[in-house]
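Pasting the structures in now, so scroll down.
Below are two complexes that have chain A in common, paired first with chain B and then with chain C.
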Partner chain A sequence: MQHNTLLEYKRYRYLKAALLLAGLASVAYLLQRPPTGAYGGTWLGYALGTASAVLVVLLLWLGVRKRQYLGPGTMQGWLSAHVYLGMSLVILATLHTGLQFGWNVHTLSYLLLLAVIGNGFYGLYAYLRFPRMMTENLGEDNLDSLLLKIADLDELARTNALQLPDEINQIVHKASRETRIGGGVIEQLAGRQPNCPTSEAVRKLHYLGKNLKGAQPKLHRELYSIMLRREALVARARKDIMLKARLEFWLYWHIPLSIGLLVTLIAHVTAIFFYW
Partner chain B sequence: MITEHFKIAIIGSGPSGLSAAAHAAELGISHILLEAEQHPANTITKYQKGKLVMAEPNALPLRSPMSFAVGTREKVLETWIDELQQYHVNLRLGAQVASITGGLGAFSITLASGQALKAEYIVLAIGLQGNIRKLGVSGEDLPGVQYQLDDPDEFEDETIVVVGGGDTGIENALALMKKNQVILINRQEGFINCKERNYTQLKAALKQGEIECRLDTGVENVELAENEQFPLKFVARTQQGIERIGCHRVIARLGADPPRQLLESFGVRFPSDDPASVPQLSASYESNVPGLYIVGALAGYPLIKQAMNQGYEAVDHILGRPVEPADEILLREKFSRCQELGTVAESLAKIRQNVPLLSPLSNLQLRDFLLESNVLAPREGEIVFRRNDYSTTFFCIVAGSVEACIHDDAKPNFKLKAGDFFGDMALISGRRRAGTIRAGKDCLLIETPRHYMLKLIDSLESVRRMIDEVALKRAVRVYIGLSLSESDLNYLVHDAKVRHYAAGDVLFYEGAKPDGLYLIQRGSVTISRMIGGKEVVLSYVSAGNYVGEMALVSGQPRFGTVRAAVSIEAIHLNCDRVAEVMARNPDIRNEMHERYLTHMQDEHIGATLQSGNDAGNLISFLVRQGIGEATDVLLIDESLCTRCNNCEKACADTHDGTSRLDRKSGPTFDQIRVPSSCRHCEHPHCMKDCPPDAIRRSVNGEVFINDTCIGCGNCVANCPYDVIQLASIEVHRKRPSLWQWLILGVGTEPGTKGDLSDKATTKLAVKCDMCKDLAAGPACVRSCPTGAAIRVGPEEFLDYAVWHNNKIA
Partner chain C sequence: MIRCLLVQVTRNQRAQAIRKERRIAGDIIGIGRASECKIHLLDHRVNLHHAVIRAEDDGKLHIEAENTALNINDEYDQNAELTPGMRILIGPYQLIVEAIAPGHELTLTCELIHPISGSSEAAATRMPTTLSGAGLSTRKFALWLTAALTLAFLVLPIAHSFFPALNKWEERLPVALEESWNAGQMSPGHRALSMKCETCHQRPFTPVADTACISCHKNIANHIKDDALHAKVFRNVRCAECHLDHRGKTGLVRHDTTQCVACHGNIKARHASTKLSNIHDFSTDHPAFQLTVRTAPGDSGLQRIRQTDKSRLIEQSGLKFSHKEHLDKALIELGAPGKTRDIQCDDCHKMDDAGARFKPMTMSMTCQQSRCHALDFEPKVAGRQVPHAAEQTVMTTLREFYASRAISKTYADGVTVDDLRRARDWASAQAARNARLLFATSGEGTCLECHEVSYNARNKEVPWTVAPVDVTDHWLPKSRFPHIKHQTAKCTDCHKVADSDKSTDIAIPAISKCRECHVGSKQTKTQVSSNCDTCHSFHNANAQPARQMAKETEE
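Coming up: the complex of A and B.
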């Protein structure tokens, strides 16, 4: 029993299928010399178009199969096929167009297809790369435990700062109040907050350690260490949210674009019947 | 005043009294049921609110017009009160008996109110609870000192001293700890008299600091503490001296004794001076006073069902109706399939005579044993079980014979005859069957469930000894040398010993002088070596294999340290004897040599992989997660897992809307997570204390909970891996429709929990069943889009770890 990635699934079964499909299509395209020139209306054009349309429906079906938990085959097999057959679609659909483009619903459909596949490539990259980074970033923790630790440190820092000058106290309070973990879409995807109050506090504390009296220097050193730890925890929490966002964000484009593609594809096919 | 006259007077309206009265009522016999309190079944009324009342022994049929089944205290009482009216039982409440005089046919009963009754017969069913043991020190009756607990939720933010280390005391303490500070006082230095479940829960509560405990501690007295934070002061006598504990309440649960003085005043004699001893009775429950019958707890039968049957039977005895044991009809039914056994009495005698293993059982025990078992008469050549089946029942041969085929079903390795038993290896190891058993001519078998067999082994030393002896020899023969002659085998096992080790114990250390061969009968071990100054696990050996052969073959000191991964049982064979037998048997020598080379190879691979991997290694991580007792475990490769939760959704969708796995919890090592999901242990902890015996193991090894679950939560408490939960199960739930949700946006998404709040639901225990009813296999694994979730069995752990390490490298 082993763990295999979705690309390696069943010794690259669907890579082989996709290569075969794209290879056959390419050879047929190169051998064929239609008098009208290559376009979607030749017999090969129709064949490639039909194959591509069937593939698009099959690829869209992944969304259905994913929720049919008793459905046929394994989800890994389906996703592996989705990825490789989706890639082969770039070649099949391009050959189908015969490189005839214009300002019309047909070309729009083709462009949407490329957009969905391009977006899918990013998704594949994200799926293969980010999960490992997420585990490495969190270690034995999870997001909730990080937030709890940050809250604990806050309490420590505030108690500590009470006995230090107002300026320091204010910095600490600001860091605790205004540091955002998560935030809007942009901040989530970027994994950082512009002018992060916690980092600012660390920076400023460095210079505010002079002219302290009595027990204050010791408290200040402790506070600095607390804020350093807080900064690191905040960074880890943000990184977790960032990776999760990046892992999911592309899907918010992938699915609407696919639905758009389906709509234009229906328009494209319907229009073809009118040409006939 | 006219004195009322009855045929039978039943004193006490507990389970046995109710049953006797209802039986008399249904027969139309003049009777009266006297109850001192203002409600019937006082003892059960005083049970803790919501307490689950058990209906053990399970196999014993109930013989009473009153019904009784497992249920909450409230449900049981409600049913009884309804049925009392239904049968028109002549119940008199508030009727405490002050004296009984006269004799058979003309008893006079005087009540505390002064009223007098006449009765021909008396059934005394007053139980023990009228004579609860008190603290026996000054202050035992102060307000706030109580000897029962009805509703634990009644108390909040109090400091409560609970006295008593038995089940009731522990149950009270556990129920009270949620809202109060509880101090548990136990006279003994441990908790030896309680159920395992209570002990486990108590241990956890003590560890969490939810209950404070004083062991080896007596009671000095209880004082009122005026003008202080606490109204009471409990003065305890600890080993360190006197301790004064301020508290709001003292709850003492010290058990009860037979009300001896009262009984003796009725003329009843006791066999000894021991306060716990019960009166001497005839086989028909009649005491030394003719016409005075005693039933229930006072007769020494504390279980409700037994007591109810006795009440019924006592009435039959009084009326001179024939009484046969309650289980007779069931046994007759069991034996009816094998005509040659004869009547029940003849069958029992024949079984006792033919099967030496069962001869030490008392008549009652043998009946109980047979009630739990099946009697089988397989045709000649029929397979009883196959190699690698996961069945765990135990078989005794009453007549005929069977053949055992270890490696090849066509080649029987040995024959077993009447009086022998089999199935002991799977019983001990908890693993798959080691061989196939085929029935011979005129074969008659008794098949007994695992849980019952374990109970028997636990309670009867002679049964344990007999099974151990045979099992040991058999294990040595099957795992080491099928070709061994009987004399060599006997020579080998002559001074063999079964040794028990707790998890983490060492069987032998690296570099030590070899002391023999260890055959792992149960559990699993790890083999480790010191590499670069630290102990590194190289290999993992599961039950049914042996360790220690490397040093025997090579003649060198021990190659590695062998440590128990979980609590194990191993047969230790003497070094010299093994060497001698090896010298005489080239086959055995060759096989051991081969095993040596394989071990060498495994460990060499293990060792090379360890270099550079400072964090420890995957095998020892997995062993720490309890893989050592698993038969199948879900592993998630976090470097592939996109956290999409499709595994949980698939689990929920295929299992009534509740996921039985928690992807996010569970520790991770080297990107491999062991999520909270059942490992289908070799000896499932969850099976230990399941009242309806609802947790079963299928032939393929899946441990699952069947429909008879009553939601008691014992398994949840017993599972060390926290993978069983009590969930609201919607009966007749319809799976959400995908298309309705996808296209119309109506209903819930498949795989998500629906809103259960307004539907009638019951809470039952749920756990992973490895989707045993789905031909395609576990839904979680099949639904993982990236292949991050896989299931691994113990035979594959080592290969998996080696493969994983190679990938990392």
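Coming up: the complex of A and C.
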């Protein structure tokens, strides 16, 4: 599967590289006892800072590489390196700080780095988990076919409800008009609508079935089954939108925060050498 | 029975009306979605039983709403008489009452005026199903974030540096423009400069120059006394290599030994002519202490002698003094007269206000604080003493005293020249006799008890000369030893003076004594770690190896 090859790319080549990098940095940090106390300005501090900055640029370069049809290395290799080297960057950057923090742009860039990487961890989790869930949820369908099926059922339900009492007709009409599939960012991420009119219709239809005359009970039974199917389809469509939103949402943070990190990193380096 | 002509109106593509007539009849005419309704309107916006048309008792036809009020001629009503031209909305349908056709009681046209449009249905279900569809954009977010961060953390701090005119405006802000660049809290002494970066960082992208430090710290001493040598040795060393600021609680001064040992670890290789020893740590190869000792009078008599060079380690202070004798006698009269107690070290050695060393000892404040060393000279006049002062002053005091005595013994009336001559001779003889007793006789209360006195007969006025006293008050002027920090120990733990009966003895403890507690720079749980700067100061070229002369100035 795709995600496995991402993590296992070339027999964990980049996992090994990342572990080696983080291991070397940690050993150097533990062995070195800087007389001034650990901070970014010791020789090891400068070395770790330079390595971290190079890594940040390398990780950001993924954005450039993926827009190129032809470029060095395979896209899968780049992504594998991006994931593992990104993880090692947590250790390198933390050691670079020497755990000296303050209310300044230096600590801000460290926090942004942690935010981007933490966000990336979520992204990795999302990529490993959600696509399979999406496939399981959709089966043979796709979102458009689900929406078409829902529209068909709506038509059936409305026709059916025409011969039924106004109360039933109203809830069916409301279910068809007011059931929201998708919508705003929060609705997409939540994957549910509070007091969903379709579910409400199913619940109400259950006890509105009494006191019907003539052909109405049969119509009601049919309508009930239509609405049950509609409810299931709506849930699947919403789940698909939710999973897709959750699969993508982190990227809407990952990319801008990465760019923000680059800006603060430039400010950090400029500040250090401007006021040497 | 109501007979009604129902004209159903539809429109062709050019919106022209197509009329289709249908006859319906009944006692009442129902309007609604239900199949039993005579006017059957199949739309979910129409109620199952929406309205009904019936004839009233007076024969007039009325329309009556079943549940909700009806929109009749744009007004809402439950019940209305049907009159020609009347418009009634039933859901999406419009019914218009027309002129009665022959053979009918009612003519109605019915037109679907609000058909369900495909697009409005789609709008209900087709909401945004992607995040970008919902308005999220990585690009917009990234642009705004980049703009904000660039302005706050690059443009404004740099502007602060290049446009001093901004400073006035900046003073009104709660946070300084370049504050975000401050890498860490500044040392307490420099904190007032934390908004004035350019005080130290005078040129962009250039390390802080020593000139910036020296512009304030004008009197800072060199490390090496020889200015030329200092300049040569430290030509590539910046102040900031030892004094790192923006380190918060870590402080401005480096206390580690790295920089010191970098030179002093192999100083002989660096400077062949040096008299200094190679040294790496206090606990290992720090040499024995070198004491500043007066070995003879005069400037050349003041020498630096290692404690291992015991044969030369003799102090020639000019004073006769025995610690043993003082401690053995043990009793001192202090406070209330007649009350005595054992003598203690701090009866004589009073710590200075800084708690570092001891106040100079003087005859009046130390030796004469009780009547121990009173300089009485005339037993007949109790308590009459000569001052502890220069020989001439002592002599003058004696002469004046006996002259006064002689005059007071001579009769006031009928004094002859012989009487005066006798009185003068007597006074001179008494003064000379007592001077001899003070200057040239040993015993308690005489000069010889503590001083060396020489005699020169040619000096008729005062033939005795008391040798000057020069007691060392700083044995280790190139280090600091705060006594106040060592009060957990007794004086005699370090200074072995109980058996010292000569003033030439030196009671400064050896380095081995210090090492019982101090272990150099290594960190241990049971002993005190001490770096070079625990005892030594770097900027100590001006430290005076000479010491204050313990001179009395009582006159």
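Operating definition for what follows: the second predicted complex is superposed on the first by the 270 of 276 C-alpha atoms of A that agree within 3 Å, B and C clash if a C-alpha of one lies under 4 Å from a C-alpha of the other, contacts with A are read in each partner's own complex, and residues count from 1 in each chain.
As a convention for this text, a residue touches a chain if its C-beta (ideal position, glycine included) is under 8 Å from a C-beta of that chain, and two chains touch if they have at least 3 such contacts.
Since this is a predicted model, take the numbers as computed values, not measurements.
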First, second, both or neither for A:Gly184, with chain B first and chain C second: second
Touched partner set for A:Tyr207, first chain B, second chain C, both or neither: neither
Between chain B and chain C, more extensive residue contact with chain A: C
Which superposed partner A:Gln76 touches (first chain B, second chain C, both, neither): first
Which of chain B and chain C A:Glu140 touches, first, second, both or neither: first
Partner chain in contact with A:Lys244 - chain B first, chain C second, else both or neither: both
Intersection of the chain A residues that touch chain B with those that touch chain C: 244
Residues of chain C defined as touching chain A within the complex: 33-35, 42-45, 47-48, 67, 121, 124-131, 133-138, 141-142, 145-146, 149-150, 153-154, 157-158, 161, 179-185, 197, 201, 204-208, 244, 247-248, 250, 254, 256-259
Of chain B, residues touching chain A in the complex: 635, 637-643, 646, 649-650, 653-654, 664, 667-668, 671, 738, 742, 749-751, 774, 776, 779, 781-788, 790-793, 796, 799-800, 803-804, 807
For the chain A and chain B complex, residues of the former touching the latter: 1-6, 9, 63-64, 66-70, 74-76, 78-79, 127, 130-132, 134-135, 140, 142, 244, 247
Chain A residues touching chain C - in the complex, by the definition given at the top: 35-37, 39, 41, 100, 102-106, 108, 143, 147, 150-151, 154, 158, 161-166, 169, 172-173, 176-185, 187-188, 241, 244-245, 248-249, 251-252, 255-257, 259-260, 263-264, 266-267, 270-276
